[in-house]
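Paired with subunit B in one complex and with subunit C in the other, subunit A is shared by the two complexes that follow.
Let's turn to the complex of A and B:
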């Protein structure tokens, strides 16, 4: 139970120190912030990945607050989200070279990461809410980090208005739950609600409010409006952070709240139908909108909406039996990890191109394989994995999710997912077509800085490795799933 | 065996800077090695007469523990044997044939060819449905790039169309395999799965595979990607496309539908046979009115693949063996025709049958090969394609004499090939700027005919390996 505190402590203290150093030490450069924040993030990751951490899981005796848990679900989410932070920080070495206020930039990322870790481990709605805020508020500032650019401001304002609205909705939902049950502990809520014979209409309202609140972060249609604009306008590394990182925190929170506390008895059918429709609408709208985009950032934004739709399947199968739920949760977790890697890689390629040329339109990618062969190759792998081409990692997680849907007797849901996967291949393939087939406007080689190349190659290796040996992750996610399901 | 070409692909790509000659030589060396391996494998299965059993078994090694039944399981039997052999042969010929026709980005090209070969070997030898599916999907990527990078003027459209059609087909296939996996006893190894699938599931799976494999074969309502892809692809790639990629569909029908879903295949055989007949007639009739030589050949291969579907679902030994034999023959003869169309396009500057004239005087060697190739495609009794078409039609008639109408298809085929030859070869020419094939290309193209003549003269070389497995598939077990 100590570990979450330790990690949050490390991240937050580095985050606090950084602006201080930046203020007093005038020679503070990008490199310094980069090294310090990498140290903090890698130390936290190392803490999560080392065996002593696992022995702590078994040791249930050490617990000094019921608000925090230390289970494999939390560890898994933390690893996925911290990995994204590492990717983002690592590539910021290049991307933020010429920016001012650099200490604050890294500090905000660390604060937000601390919030994400806290979300992953919290078992209490109030703590969850505080962590949610800790994660969200820095990202408002980050989205508007290019303070002189019009788009960045627009992105920040749009994100801020909708973000605070969702926070309000979330808080309202939480207060309703408190009013209904008199507790904020997720386990207690489950106990109290499951003893009631009838479904309280208020609890229905509460769960709808919670869906809306989390849904904004998770990029569920119809709460997705801000996503393309914000991803387009924000500095691209920040978009990476939002798309691959904070979105996952939304799923972490939703998995805990919806699967532990709120599967309302007697309403299960309506509940899963609602989520199934949300899932289908989300993936279909995301994929169809992505087909028509001419801007790489907007395309990736819509594709990330579509991916959220796949993960939503896990909520739809809540009453499909234990086996389906186990498959679904482990597929959702795996997909979260995969999506974190694939989406980071894809966004970072866009960041590299934007930094080099200032262009985000797809036309710039024509003949990209001639100008930057290694980057183009890494991008191709990331896109194919996003499309779910076997045997890359993205295939297995989608496969698990769809199998879970079939297992829960919702073949139509699996069918919708599969049709969507085939549909999504079209726009991913269009980018690959541009990179490898179309003629370039010029044949000038593009520089491929080491920081980007390292991260992109690392992600390619991870995608292939998890694709060829998915067992390593799946055995872990299944354990996490078993722990989650009562 | 799968690894050899893939390893070769990597080596070839990274030696790309050393110059084109090195790349070509390496690609040739690797493909020759793979050919030697496949001939050896084929030969040993043949001489030991073990066509009905699994040979060279690797596995099953459990691949992913958490998905029970997903394992790495590779083996060759009488069904895989001929297709592996033709893969080896065609790859060598395609590498040779690309020397003149492919002139840029060669390292990528040759490494993709070897990668493609490796993956195709995988498709034809996988004994686990999931492994099969993975290889089946992986084929799309090199083919997409082949058409897209080295293709003709409308290559981008054709490449995307190809990708969308085939990946949509694969989606149905995946759905079928997932259903089999969930409702069957936790295994996807083909030999273990046999006879354990309930009838209702077989029916649903049959419909899904009809679409999934049907796109590849292609069956008639799903064939529209094929003429475009063929016309735009460079000639050596058309050889792969028609010679190997379409065979994946045929192989899938035999391996999965006949092998795993036998009851449903028997009950629903009338659907498959009808579609097969429609495909045959449609391919033949539409081929007749084509103006573009290559498009005509592409439609001919639709016509020929209809035989495979017809033969496979007759449910008797002659038909099934004929279908397998037909796959092999078609791969060889269509390879020759596509390469020829590539050379004719390069040397005459056109493939338009209304303009192309007088090849007899100006391109005697090319004309000779075109006549020989057309004879093989017509099913002329000097080539083994006659034998396989005969077997399929005989098999169909012995099932139901109504299917004798299939006999009309070779007639139509003969008709349009004759007409094509009359126009392109025997009409006097208007100009005289064409030049003929160089001798080495002539030899290389003539090599396509070798297997066809060999297997006509000694059909036991093929039938001894096919018949045991078809007998086994028909009896069941």
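Let's turn to the complex of A and C:
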């Protein structure tokens, strides 16, 4: 139980120290911030990955607060999200080279990471809300970090207005849940709600408010408007952080709240139909909008909306029996990990190109393989994995999710997912065609700095490794799924 | 003691006012006010439920204190962002934010 506190403590203390050092030590450079934040993040990751962490899970005697759990689900999510933070920080070595206020930049990323870790472990709505805000508020600043650029500021304003709206709605939903049950502990809420035979309108209102509140972060379709604008306008490393990191934290929170506390008995059918409907419009609209984009950042933003639709399948099958739920949760967790890796890789390629040329339009990628062969190869792998092409990791997680939908007797949902996967292949393949077949406008070699190349190659290796040996991850996600299924 | 329903109605009305403000106003500051009203409606709910629950629990009131602090932090960040927006374009009409589109 001490471990989540320890990790949050490490991250928060480094985050607090960094601006102080930046203030008093005038020679503070990007490298210093980079090293300090990498130390904090890698130390936290090491703590999560070492065997002692797992022996602590079994030891229930040292739990001293019911608000915080230490289960494999939380560990899984924190590993995925901290990995994204490491990717982002590592490539910021190049991307933020010429920016000012660099200590604050790294500090804000560390604060937000601490919030994400706390979300993954919280079992109490109060703690969840605080962690949610700890994650969200720094990202408002990060989105507007390039304060002299109109785009960055516009991205921050749009993100801020909808982000605070999501806070307000979430808080109202939580207050109604508290009013209904008189407690904030997720387990207690489940006990009290499952004793009720009837479903009153207030609990319906509460759960829809919570869906809206979490949905704004998870990029579910009626609440997705800010996503493309913010991802396009914010500094690209920050967009990476938002798309691959904080969105996953939204899923971590939603999985805990919707699967543990809120499945309303007697309303399960409508509940799963609602989520199935949301999943289908989310993936369809995301994919169709992505097809028409001419800007790589907007394309990736819409594709990340579509990917959120696939993960939403797990909420739709809550009614389908334990086996379907186990498959679905394990698939969703696997997809969260995959999406974190694939999406960071894709966004970081865009960051590299923007830093080099200032261009984000797709035309610039014509003949990209001649100018930057290794980056083009890594980008191709990431795009193919996003599309779900078989030997790569993205295939297995989608396969698990669709199998779960079939297991839960929702064949139409699986079918919608498969049709969407085919649809999404169109625009991913179009980029690959541009990179390898189309004639380039010029043949000038593009520099491929080590900071990007290292991260991109690492993600390619991870994508291939998880694709060839999916059972390593799946055995772990099945373990983690047990935390959610009683 | 006032009946519970009065407080809940008040809070629902506040929530409605906040949502109305969000969809109808164009000034970024007014949007912040609207969101603040929504958050305050939720806080009122929390305190009410905390007082009226049987047996009385304090977690709602604790939550209210935290929520007030969090809302303050959020507004501080938001005002800073809006101030930057004002410096860049000398107005804060959100409908004029049209650079990012597609």
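Basically, the second predicted complex is superposed on the first by the 486 of 486 C-alpha atoms of A that agree within 3 Å, B and C clash if a C-alpha of one lies under 4 Å from a C-alpha of the other, contacts with A are read in each partner's own complex, and residues count from 1 in each chain.
What we mean here is this: a contact is a pair of C-beta atoms (placed from the backbone, for glycine too) under 8 Å apart; a residue touches a chain by one contact, two chains touch by 3 or more.
Everything numeric here is computed off the predicted structure, so don't read it as measured data.
In this overlay on subunit A, subunit B fits alongside subunit C without clashing. By the touch criterion defined above, A:175 reaches subunit C but does not reach subunit B. After overlaying the two complexes on the shared chain, residue contacts for A:213 are found with neither subunit B nor subunit C.
The wider contact with subunit A, measured as residues touched, comes from C rather than the other of subunit B and subunit C. After the chain A superposition, the centres of subunit B and subunit C are separated by 140° when viewed from the C-alpha centre of subunit A, nearest 10. In the superposed model, A:331 makes contact with neither subunit B nor subunit C. Legend: residue contacts after superposition of the two complexes on their common chain; A:229 is shown touching subunit C, with no touch to subunit B.
Residue contacts after overlaying the shared chain place A:418 against subunit B, while subunit C stays out of touching range. Of the two partner chains, subunit B is the only one touched by A:402; subunit C is not. No C-alpha atom of subunit B lies closer than 24 Å to any C-alpha atom of subunit C in the overlay. Shared contact residues on subunit A (touching subunit B in one structure, subunit C in the other): none found.
Those residues of subunit A lying in contact with subunit B across their complex are 384, 389-391, 396, 399, 402-403, 406-407, 411, 414-415, 418-419, 421-422, 425-426, 429-430, 432-433, 436-438, 469-471, 474-475, 478. For subunit A in complex with subunit C, the residues that touch the partner chain are 125-126, 129-130, 133, 137, 140-141, 144, 147-148, 150-151, 153-158, 160-161, 164-165, 167-169, 171-172, 174-176, 178-179, 182-184, 228-229, 232-233, 293-295, 298. By the touch criterion given at the top, residues 63-67, 133-134, 137-138, 140-141, 144-145, 148-149, 155-156, 159-160, 163-164, 167-168, 170-172, 174-175, 178-179, 181-182 of subunit B touch subunit A in their complex. Here subunit C touches subunit A in the complex through residues 8, 15, 18, 22, 28, 31-32, 35, 38-39, 41-43, 45-46, 48-50, 53-54, 57, 59-60, 62-63, 66-67, 70-71, 73-74, 77-78, 80-82, 84-85, 88-89, 94, 97, 99-102, going by the rule given at the top.
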